[in-house]
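First subunit A sits with subunit B, and in the next complex the same chain sits with subunit C.
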Partner chain A sequence: MKKQNLKAWLYLLPALAFLAVFMIYPLADVVVYSLEEGYNSASQTFRGVGLYNFSYVLRDPYFLAAVRNTFLLVIVTVPVSTGLALLISLALNSVKALKNVFQTVYFLPYVTNTLAVGLVFMILFKKTAYSEGLVNLLINWFGGPSVDFIDGPYWAKMLVMCIYTVWVVMPFKVLILTGALASVNPEYYKAARVDGASKGRIFRRITLPMISPMIFYLVITGFIGAFKAYSDEVALFGTDLNAAGMNTIVGYVYDMLYGNSGGYPSYASAAALILFAIVFTITCVNLLISRKSAVV
Partner chain B sequence: MNTDKSGGAASRIGRAAVYLFLAVWGVVVLFPFYWMVLTSFKSYSSYNSEFVPRFIATDPTLANYRDAFTAVPLARYFLNTLIFTVLTTAVMLVVTVLAAFAFSRLEFRGKNIVFALFLSLMMIPNELVVITNFVTITDWNMRNTFAGLILPSVASIFYIYLLKENFEQIPDELYKAAKVDGTSDLKYLLRVMLPICRPTVVTVTILKVIECWNSYVWPRLITDDQAYFLVSNGIQEIRENGFGRENIPAMMAAVVVISLPLVVLFLIFRKKIMSGVLRGGTKG
Partner chain C sequence: MKIVLEHLTKRYPNRNRKIREEVVAVDDFTFEIPDGTLIGLLGPSGCGKSTTLNLISGLEAPTAGRIFFGDTDVTSLPPEKRGVGLVFQNYALYPHMTVLENIMFPLGNLKGDARLSRDEMKRRALEAAKLVQIDNLLERRPSEMSGGQQQRVAIARALVKKPGVLLLDEPLSNLDARLRLQTREEIRRIQRETGITTVFVTHDQEEAMSISDLIVVMKKGVLNQISKPQAVYDDPVNLFVATFLGTPPINVFDGEVRSGVLHLGDDAVLTVPGVRDGAVKVGVRPEGFVPDPEGALHCGLDRVEVMGRDTSIVFRHGGLTAETGRAIVDASDAVGLEGGEVRFSLKPQKTHLFDPDTEARIYPDGAGKAGER
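What follows is the complex of A and B.
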């Protein structure tokens, strides 16, 4: 037994060492950073201990703008993408021919570099000296006025951000929901049809309850993912998200840490902890709701 | 499906509507890819002279691909990403397989506590630890090195968990028989367990490769020397300082080159990748 013990720890050692250095220690350290007031990264000294970093971050207009952008993004994209994914999966599940082809195509964005494809979205929406951009030409064609989606008004930029985010998250959601729909026992449908239940009734009484755990799962992971949005925004608006007015909370953390506005790990830590608190709270609320509705 | 037949015309219209809907979404998904490939074949002058962009390249050219490789160090970004992806995935596999083996096959004191600790760490978002890791790597003078890029992302708890579950499905008898034959644990792991669990190992490998190829945030924090840029950072660099002018066709050529490896990988391992993500998603 002694020898086994030693050997087991030896096998675990690499994983434990990496986790200790790059996960467990940082976890404690981020709290320490967030409490050190006036931390100077050059001299590694600080003035005192307290909650000043949190109050600074919470009063920083850039942070508040980032919070507003992130919440807007979450509120718009999570319901839209989940609903759309449900529609697409239902449609996919009702056909036989070409189903595999559609599934493959729909999954493609999952494996592509979002920074790279974001650039294509930027070009499609951007107004340049040479061209209005394809999307604007479409709008013109329908009789609407052109809008600069990349450097223009706030709502237009927000719209592009939401559209791109939905495009990026769809593959995962469609895959999960199609899988969930396919795993519903066909006997239930047969029984319902024998009883003469209508299509709408079958959907509400059988399909929806059977896949609701997966929908809740997607809503929860969707919330978490959308709250951590960052690189899709960089792809569309460039690295200086504050200038574009399109920063997110995660973007604020990185800006505080690094780059032209960086060098403030304490503010970054405070912002990261605030983000974690928000995500944690919302996940708990989601879990509570899903548990309640599961009972009903 | 009897109802469909008796439904007649109405159901045929319904079916057509479903296909139309599916096709529209297919276009939405594919159009950006089409546009990127199309634009990459248009010459700089013809792209900029098209006020209404054409949907086919009337005069296709490969000049943009030449520019992408000569005007910016795209080949260097590519090579860096390849090295980064291969090394990270390889080290990750070794670390993960060893840990999964310990959890699934070996008995030791504190096993359950350590495993519970691992599982609880799975919930920690990367954003929370990245700040200290940035400082750690900087203190170790590992900025702009492959070690600095790779080290923080080799221990993946989720993959340890996935492999452990798979390892545990191998019957005990096999292990006991091997012990009687005097096979060492390591040999048993390499000769018996890994071959049996190959599908899961392949899945984990592919998922990690995708993650590495697309990683952006950590490489951006840890490299500011172009010689160590990965493709994501390279594309951002091209976008911001690019080809000396706003050369969108050349930019698109670079984007095509960067996207191609994963698209090819996806088309080859389509089933594996999709089932891997499905499983990963269900257990997340």
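What follows is the complex of A and C.
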């Protein structure tokens, strides 16, 4: 028995070693950094130990703007993308002709490079000396004034950001939900039809509860993914997100480490831990809710 | 409510697209199911019995023909307007609802004047649950119940709207042997108590025989025989019906009629007046053999299986289409059987003749026809 245990640990060793070096040590290091006040990365020295880094970050207007942007993004995109994905999946599930074509079309954004997608959005939204952008052309056509979506007012930039994020995260959700819908035993629908259930009631009382585990999964991973948004912002607004007023928490962490204003690993660590605390709390809340309403 | 099927036909396009010919699942069915009876649709897998059930329920539309419930033509009505209760083979209970919610689900679908108050719905659901004796399990979920209990819930859900017709698709096939016996009696009891016209589908002839008022035997979409269980057994219209019903199965011989006498191999076993000379298929029920030292049928004795009340004699004969045949005789008649040979005389009413090509029944003079009973 003991010998077997030893063997098991031996087999686990490579994986454990990797985990320790690349996961556990950096995590511990982040905590250590976040507590070292006045850390200087050149001389590897620090003044003292305390919570100053956290209080600095929490008072930094750039960080507060990043938190606001991130929360806005999360609150708008997670429900919108999940809801839209559900609608699209339901539609996909009920069409027969060209189903595969539609499925491929909806899945394309998933395999497309973020930066390439960013370029497409530029064409759609960016105002240049030569063009107003496709969307502005549409707005003008309907008689509205042009809006500068990339360098203009905050709401316009946020709108583009949200549309972009929804568009990027949708394919995966559609994929998962079409799978979930297809796995519902058709006999349930037949039974409901014989019993005279309306389409709406079948959806509410049968379809939705049957696929609810998948919806919760998508909401939870959607929250986590949206809180970690960064590359999409860069794709749209460039690397100087603070100037654009579109920074996110992960963007703030990156800036504190490497950006023009970088070289402050302690602030970056503190911000990263705050993000961790936020994501952790929200995921716990999500799980609690899904446990309560989860069935089967 | 009586159900009338008129020239009911269902054709599907072949699954293999290269084959143009359509698959005929149900071929020109015409029969009437009297009000308040329990009828069994019996046949081997793929004979179209489930399709027939789906046509009656309205889940599938017929290619041709009409369906009447009572005097109303329901052919073009959708399932929810036909007033049928349907129990699926795997019950199709909603796993996220409790038993009570499952049973109440059909009532919640009622609209307009038919709408019920929550209390009324609960009362009706409880009534249905009491009928199938699961009123103590109302708060359970389907996953917390045995197959037999789930079956009852499915029946309660099908009955709660008080439909005119109850349809059961292979209701017993997911149950173990002991539960199957118990449940089929239960289905019979529920049917008697409610007096509802019930159609159930099965491939198990014993199941169909034991509880049905009428049996409909089908093969490859064609209706072969519709009769009372005993009549189907005693008077099969063709070789298929004869071989499909009965355990142990009927013994089939290749025989020949020569000037009114039936020969099995070299043995002249029975006089069959009025039957034309020529080859015939002969089916003899296991209980149609009488051990008789003077008997005309000479068989090789393979082995004797004692079953208590009866004795089963396994024998060989040159005319048999199978390797061995089986006779079931009273234990007292089977004493002293040993050695290489056993001789039987045949009971005429247990011996059926069939045309070797069409497999249709050949009736000697003086024997009743199934259709005339």
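Going forward, the second predicted complex is superposed on the first by the 277 of 296 C-alpha atoms of A that agree within 3 Å, B and C clash if a C-alpha of one lies under 4 Å from a C-alpha of the other, contacts with A are read in each partner's own complex, and residues count from 1 in each chain.
By definition in this document, a residue touches a chain if its C-beta (ideal position, glycine included) is under 8 Å from a C-beta of that chain, and two chains touch if they have at least 3 such contacts.
On a predicted model such as this, the values are computed, not experimentally measured, just so you know.
Superposition of the two complexes onto subunit A shows subunit B and subunit C fitting side by side, with no clash. With both structures placed on the common chain, the touch criterion links A:Arg193 to subunit B and to subunit C.
Using the contact criterion defined above for the overlaid structures, shared-chain residue A:Pro209 touches subunit C, although it does not reach subunit B. In the superposition on chain A, contact is made by A:Asn185 with subunit C only, not with subunit B. In the superposition on chain A, contact of A:Arg201 is made with subunit C only, not with subunit B.
Of the two partners subunit B and subunit C, more residues of subunit A are touched by B. Our angle of interest has its tip at the CA centre of subunit A and reaches the CA centres of subunit B and subunit C; in the overlay it is 80°, to the nearest 10. Legend: residue contacts after superposition of the two complexes on their common chain; A:Leu288 is shown touching neither subunit B nor subunit C. Overlay on chain A (Cα): least separation between subunit B and subunit C is 6 Å. Subunit A residues 193 lie at the interface with subunit B in one structure and with subunit C in the other. Subunit A contributes residues 1, 4-5, 7-9, 11-12, 14-16, 18-19, 21-27, 29-30, 33, 41, 87-88, 91-92, 94-95, 98, 102-117, 119-121, 123-124, 128, 130-132, 134, 137, 167, 170, 172, 175-176, 179, 193, 217, 221, 224, 228, 230-231, 234-235, 238-239, 250, 253-254, 257-258, 265, 268-269, 272-273, 275-276, 279 to its touches with subunit B in the complex. Residue ranges on subunit B touching subunit A, taken from their complex, read 3, 15, 18-19, 21-22, 25-26, 28-30, 32-33, 35-36, 39, 47-53, 94-96, 98-99, 101-103, 106-109, 111, 114, 118, 121, 124-125, 127-136, 151-152, 154-155, 157, 160, 185, 210, 213-214, 216-217, 220-221, 231-232, 235-236, 239-240, 246, 248, 251-252, 255, 258-259, 262-263, 265-266, 270, 273-274, 277-278, 281-282, 284.
Every residue of subunit C that touches subunit A in the complex is listed here, in rising order: 57-59, 78-81, 84-86, 88, 90, 92, 94-97, 105-106, 108-111, 141, 143, 157, 161. Taken in their complex, subunit A has these residues touching subunit C: 185, 187-188, 190-198, 201, 205-206, 209-210, 295-296.
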